Amino acid sequence: MITAFFNQMPVLVVVVPLLAAPLCVLAHRAFAAWLIYCLASWLAFAMAFLLFVEAKIAGEVSYAVGNWAPPFGIELVIDTYSALVLLLVTGVAAVTGPYARKSIASEIAIEREYLVFALMLLCLAGLIGITVTGDAFNLFVFLEISSLSSYALIAMGPKRRALLSSFQYLIMGTVGGTFLLIGIGLIFMMTGTLNMADLADRLPEVYATRTVQAGLAFIVVGLSLKAALMPAHIWLPNAYTYAPSAISAFIAATATKVAVYALFRFVFTVFGVGYAFGTLPLGIVLLALAAVSMIAGSLASIFQTDVKRLLAWSSVAQMGYIVAGFALATPAGVSAGLVHLLNHGLIKGALFMAVGAMVWRVRASSINDLAGLGRAMPLTSAAFVIGGLSLIGVPATAGFISKWALMSALFDAQHYGVMALLLVASLLSIIYVGRVIEALYFRPLPDDVSHHKHGEAPLGMQVATWTLIAVNIVIGVHATPELEAAARAAASLVGGAP
Amino acid sequence: MNQFLTETLPGLFNYWIVIGLMMIGFYTVIAHDNLVKKLIGLTVFQSAVFILYISMGFIHGSTAPIIIDGDPVYAHPLPQVLILTAIVVGVSTTALGLALIVRINEAYGSIEEDDVLAADMATSEGEEAREEARSEQAEAAEGHAATGADDGAEAHESRPA
Amino acid sequence: MSDWLGHAMASPALVLMLGAALIACLPRWLHGVWLLVIPAAALALLWQLPMGLHGQIGLFGFDLTTLRVDGLSRIWATIFLIGSFLTGLYALHVDDRIQHVSALVYAGAAVGAVLAGDLVTLFIYWEATAIASVFLIWASRTIKAHIVGLRYLVIQVISGLLLMMGTIIHYHATGSIAFDHLGLATPGGWLIFVAFGIKAAFPLLHNWVQDAYPEATVSGTVILSIYTTKLAIYSLARGYAGTEALITIGAVMTIFPIFFAVIENDLRRVLAYSLNNQLGFMVVGIGIGTPLALNGAAAHAFAHILYKGLLFMSMGAVLHRVGTIKASELGGLYKSMPWTAAFCIVGSMSISAFPLFSGFVTKSMILTAAAENHHWIAWLALLVASAGVLDHSGIKVPFFSFFHHDAGFRVREAPLNMLLAMGATAALCIGIGVYPAPLYAILPFDVEYSPYTSTHVINQLQLLMFAALAFVVLFRSGLYPPEVRGLNLDSDWLYRRLLPAIGRGIRDSVAALRARIVAGLGQLAGLAGHWLTDAFGTNGAAARTWTTGVMLLWVTALLAAYLLLYY
Amino acid sequence: MREHTVLRIVSQLVIAPMLLYALYVQFHGEYSPGGGFQAGVILATAIILYGLIFGVEAAREAVPPTLLRVGAAGGLLIYGGTGVATILLGGNFLDYDRLFDHGGQHYGLIIIELGVGITVASVMIAIFYVFAGRGRQDDPDSDEDHGSADDYDADDVS
């Protein structure tokens, strides 16, 4: 039985949240739905961890759905690359559970709460599906599942602006998804297979055709849209700003990261690094876009008056960091990009959670509204400070590890210009994080202090926020396991010694 | 050239239809402010992709992939199955989009994107005004500091509270 | 992880930081005790450590040496910890958790940086000092402090980033991250040099000191004056001892702040300028690079932290009681604050290097080293600067605040804890001046040196007397820049007296040039700011919400670009 | 529309065969064109037609929203539950051969398609209720469709 469970984990990690979603709907009670969410996400996290270990030992875990042998059936493949992203997704989801209870309750009517949890589970199932699947079309379907549920989740935000934000995201996301569909169709047309490993085998024969080239272009643009890479990023700030706080934290930490995962899964595993970066000039385009993202995102972030929007813009900038690492297509670069993908997920998750806790308290998220909260909510504010430091890349935090890795990789690849821009971007990040910290600690509480009577945020929100912060610090001081795993993943993607 | 006109061009007519539909749909999404029209455009765009898939699995003279007696040529069933799924996704998207439009209409009284954005902009200006007031105050303090080495004493308050 | 635990137990830096965490959690009435106990414990721990390398840990692929105890690092760590204790005492009455925590973290980071055996550890602590210290500025809680603090932080972090880049380049070039002599031979060495230079307030990189220090809180300024710049001096001594360029840089550093210090009205800013000038002495010492010179730099840093801290403390006490620190508004305070006045005079005599005060026994080492090695121009510059110091710090500060005409303030004497802190510091200043042997004993190199030779003493006294005379003459004749609010520079007297005239001429032209540059930069910055706001402000072109049509147009453009590239 | 006699009569005549046809399509899906999705849509169309002709209220009475919620979730659970059942029987996910000794693929597929059909029909009707109900009254659970509209794209592995 136990071995059976272990063998089935690759599919169970998707199925558990997928089936928990209708259970939430059936349960129809906010508390029961929440409980189901927590159990499912924790179970998923546990399985993700076991899968990570398994992938580490075996190199790759493969699973044939319906016992149809690949490449005919749908294959689930978990290697270190996907296992790491899987760990991030399920980890953040698991932490969001305790957080979401109070946060959701404060922003969404009680009779609709169960739906939030059902949708979050669906979204989670979709995101997990993307990471574990070894089938190109299946990836599209999971991507759309996660996207659709996140549109609906964002639309549940307390302000009416959430509606248009969600609609814009829906349009952009659907176009991105359809582009991906076109791209997959084009390469399917040329090879007759959808299995990624099989595609990788068969594509070299037809590399020279226009169809495959166009297919790559469509896939890259489609997934860039989902990953909010410049210039396809404008849907992101609004979507993250107006979503309910718990949803902001969850989606900001996972959705775009998984899209980047999928992008480079296609680019590296399916098309091959030699083709995408050698024959075709994808690397330089992505690097340029990444550089623009870093600077423009940081600049826009500095000017924001709303903290959630500020963080969202900084996400645009940080996506630039991540893509810059991957776009180097060197083992060091890919590993740095992957490390930053994970670390940034943790950082942004923590920051959005901290801000969400403040929003829970003051019911507003502009910088002015957070004035003086350092005294009223010392723990939450401290969490924000640590998260902010990690975002800047201060030593002993996770952000530093990835910044260091990125700088080293850029230096090795002799992209000094991008290196300098990364430095500038991190200076800019000091300014936008500094603005918030100053408001928290060095401005007086506003006169109408009625809402400050109650003090700190609820325990669940605290625990969740601090868990992510703690992980940040642990990675900051003891990064070796993460770096080793990332190096293994990079080696499997672009070759080279792990 | 002649061959291109007589054979290649009409021979690929399905792709021309796909491309035409795709462009119509995409243009509608880009050019129209009306959210419903955008959604319609999106649906047309998606349909074009569905047709692309279906037509690429089609073989001349083939039948539908149903098991019947004899040995007929079947069309490739896989694209059809895939597209069935994609259609489901598309329908969900449309339904969700329409639901959002209904609520946008209720919240803003308009389904023109620029009107809604303008309404948003108007609400955000109030928030901004407060922030601007503060930064102006700060600039004033800075300006004061820059005018002479001996700036005002107010900046030197210390607060050993 | 066990090596981590071992490191945490052994490192004075982490003791301070853990102490800070403790203070963050403890109720307020317990703060005071810990503010004193923690630095004392860390100091005891430091002296328990045997000489050598400790705390080797692995961190993201590097083998770090987090503790290197040798003569050079130990004297710096010692004075940092003494400084931490004294400022803790000084800040005892402050009821502000943020200040206490950041002060301890700051001190811990500085100690950690000094004890760092490799560049990565150094960088980590280097950044930590930047971040911890900015809170001391922000803690003033004024809008100006906020802006200044951000500016300060950005400059500090630029220094950190340069250090990081330099380290990466150095590592790739040599395969080593050890923090030993670096030199200017490699690009990595240059980057690190500039990084150190920013924190050491090299000329033209110095403005952040005068910009930020006077904006901090009363105790914050004292704390700030101790660590960052001296940490940079240590790093220079470690990495660039004997680099010729430092002699020139140091000589310029000693001279130019004098002109600004003389005309400055904000007394804490005067002290910030003289801080710069004193750093110049140490930089010259490092540039000379002989054991005697390095000893001089170390000893001078030691003494300097004490007397500059004392001066800042006394001015802080005045600010605390009176609420202003403008020379033009103060005067006659010796009646109300006699103790503070006395301590301030001790500090100013020390900084002016009167015999029997700490400055004398340390500064003369550097002067002697300069003379021994025939750096005559530098020697002359140092001599001139010594005279200048007396004018602006030695006389101006105590004179305008405590004597001069009575401004009519009748305030209470400084709080007891401030007085105790100042008293202890003053005692140390005098103690070192009278009996320098213990200080000499902990210097990094074994050098026989005796400051109290008759030549030294007489030379120094002559110099001081003439400088004092100059002050009196200038002041009586009304030439000494009066303590006015504005910058009314009266040029009638410009050519009548040579020395001050040249000084003023240089000062004027530098000031004018600076004003022009600042104005030009300001305009540029204004333009850039407008452009940025237009582009990236919340409703700016790049950052506002676009319609989906526009977004998709961009996406289409991107797709077209890809397709064209592949075509 | 209730006054249009022709429409009423015709729809009364048509609705029952539609439902029957839906069932046919449902259970012949594994041989012939059809399957859960199509059947679900046809079934939903019948109910929607009923709603259009006789009013949403009448339709709501016939097929209450709670039933739809249960149906949408339950259908999905049938689908997933089958997969889980195959796992419990020692096979891989959706390895139908484990379900029965003979014709496992066959019956397995039927069960799966049943789940899909129920979900699709429920969600379609729910969407109709919500859009039709808008503006007439403000019913609290009208937003339910949001969620369930997405629920049914989960029947992906068709």
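Letters are used for the chains, namely A, B, C and D, taken in the order the chains are written, and counting of residues starts over at 1 for each.
Just so it is clear, a contact is a pair of C-beta atoms (placed from the backbone, for glycine too) under 8 Å apart; a residue touches a chain by one contact, two chains touch by 3 or more.
Please read all numbers here as calculations on a predicted model, not as lab measurements.
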Practice problem: Report which of A-B and B-D is connected by more C-beta pairs in contact. | Solution: A-B
Quiz item: Using CA atom means as chain centres, which chain is nearest the centre of all the protein shown?
Solution: A
Quiz item: Which chain's centre, taken as the mean of its Cα atoms, is farthest from the centre of chain A?
Solution: C
Practice problem: Using mean C-alpha positions as chain centres, tell me how far chain A is from chain B in Å, no decimals. | Solution: 20
Quiz item: Centre to centre, by mean C-alpha position, how many angstrom separate chain C and chain D?
Solution: 75
Practice problem: Would you kindly tell me how far, in whole Å, the mean C-alpha position of chain D lies from that of chain B? | Solution: 29
Quiz item: Approximately how many whole Å separate the CA-defined centres of chain B and chain C?
Solution: 55
Quiz prompt | Residues of chain C engaged with two or more neighbouring chains | solution = 139, 141, 145-146, 538, 545, 548, 552
Quiz item: Mind pulling the chain A residues that touch 2 or more other chains?
Solution: 141, 144, 148, 152, 155, 167, 171, 175, 305
Quiz item: By residue number and range, which residues of chain B touch two or more other chains?
Solution: 26, 29, 38, 85, 89, 92, 96, 113, 117, 120, 128, 134
Exercise. Please list, in label order, each pair of chains that touches.
Key: A-B, A-C, A-D, B-C, B-D
Quiz item: How about chain B: which of its residues touch chain A in the complex?
Solution: 26, 29, 35, 38-39, 42, 45-46, 49, 52-53, 56, 78-79, 82, 85-86, 89, 92-93, 96-97, 100-101, 103-104, 107-108, 113, 116-117, 120, 123, 127-128, 130-131, 134
Quiz item: In their complex, what parts of chain A are in touch with chain D?
Solution: 4, 8, 11-12, 15, 18-19, 21-23, 25-26, 28, 63-67, 74, 109, 111-112, 115, 118-119, 122, 125, 138, 141-142, 144-145, 148-149, 152, 155-156
Quiz prompt | For the chain C and chain B complex, residues of the former touching the latter | solution = 93-96, 139-147, 214-215, 217-219, 263-266, 268-269, 316, 319-320, 323-326, 328-329, 484-487, 518, 522, 538-539, 544-545, 547-549, 552-553, 556
Practice problem: Would you pull the chain A residues touching chain C in the complex into a rising list? | Solution: 167-168, 171-172, 175-176, 179, 210, 213-214, 216-218, 220-221, 224-225, 231-232, 234-235, 237-238, 280-282, 285, 296, 299-300, 302-305, 309, 313, 374, 382, 389, 392, 394-396, 400-401, 404-405, 407-408, 411-412, 419, 423, 426-427, 430-431, 434-435, 437-438, 441-444, 477-480, 483
Quiz item: Inside the complex, what are the residues of chain D that reach chain B?
Solution: 31-33, 37, 127, 130-131, 134, 145-146, 149-150, 152-153, 155-158
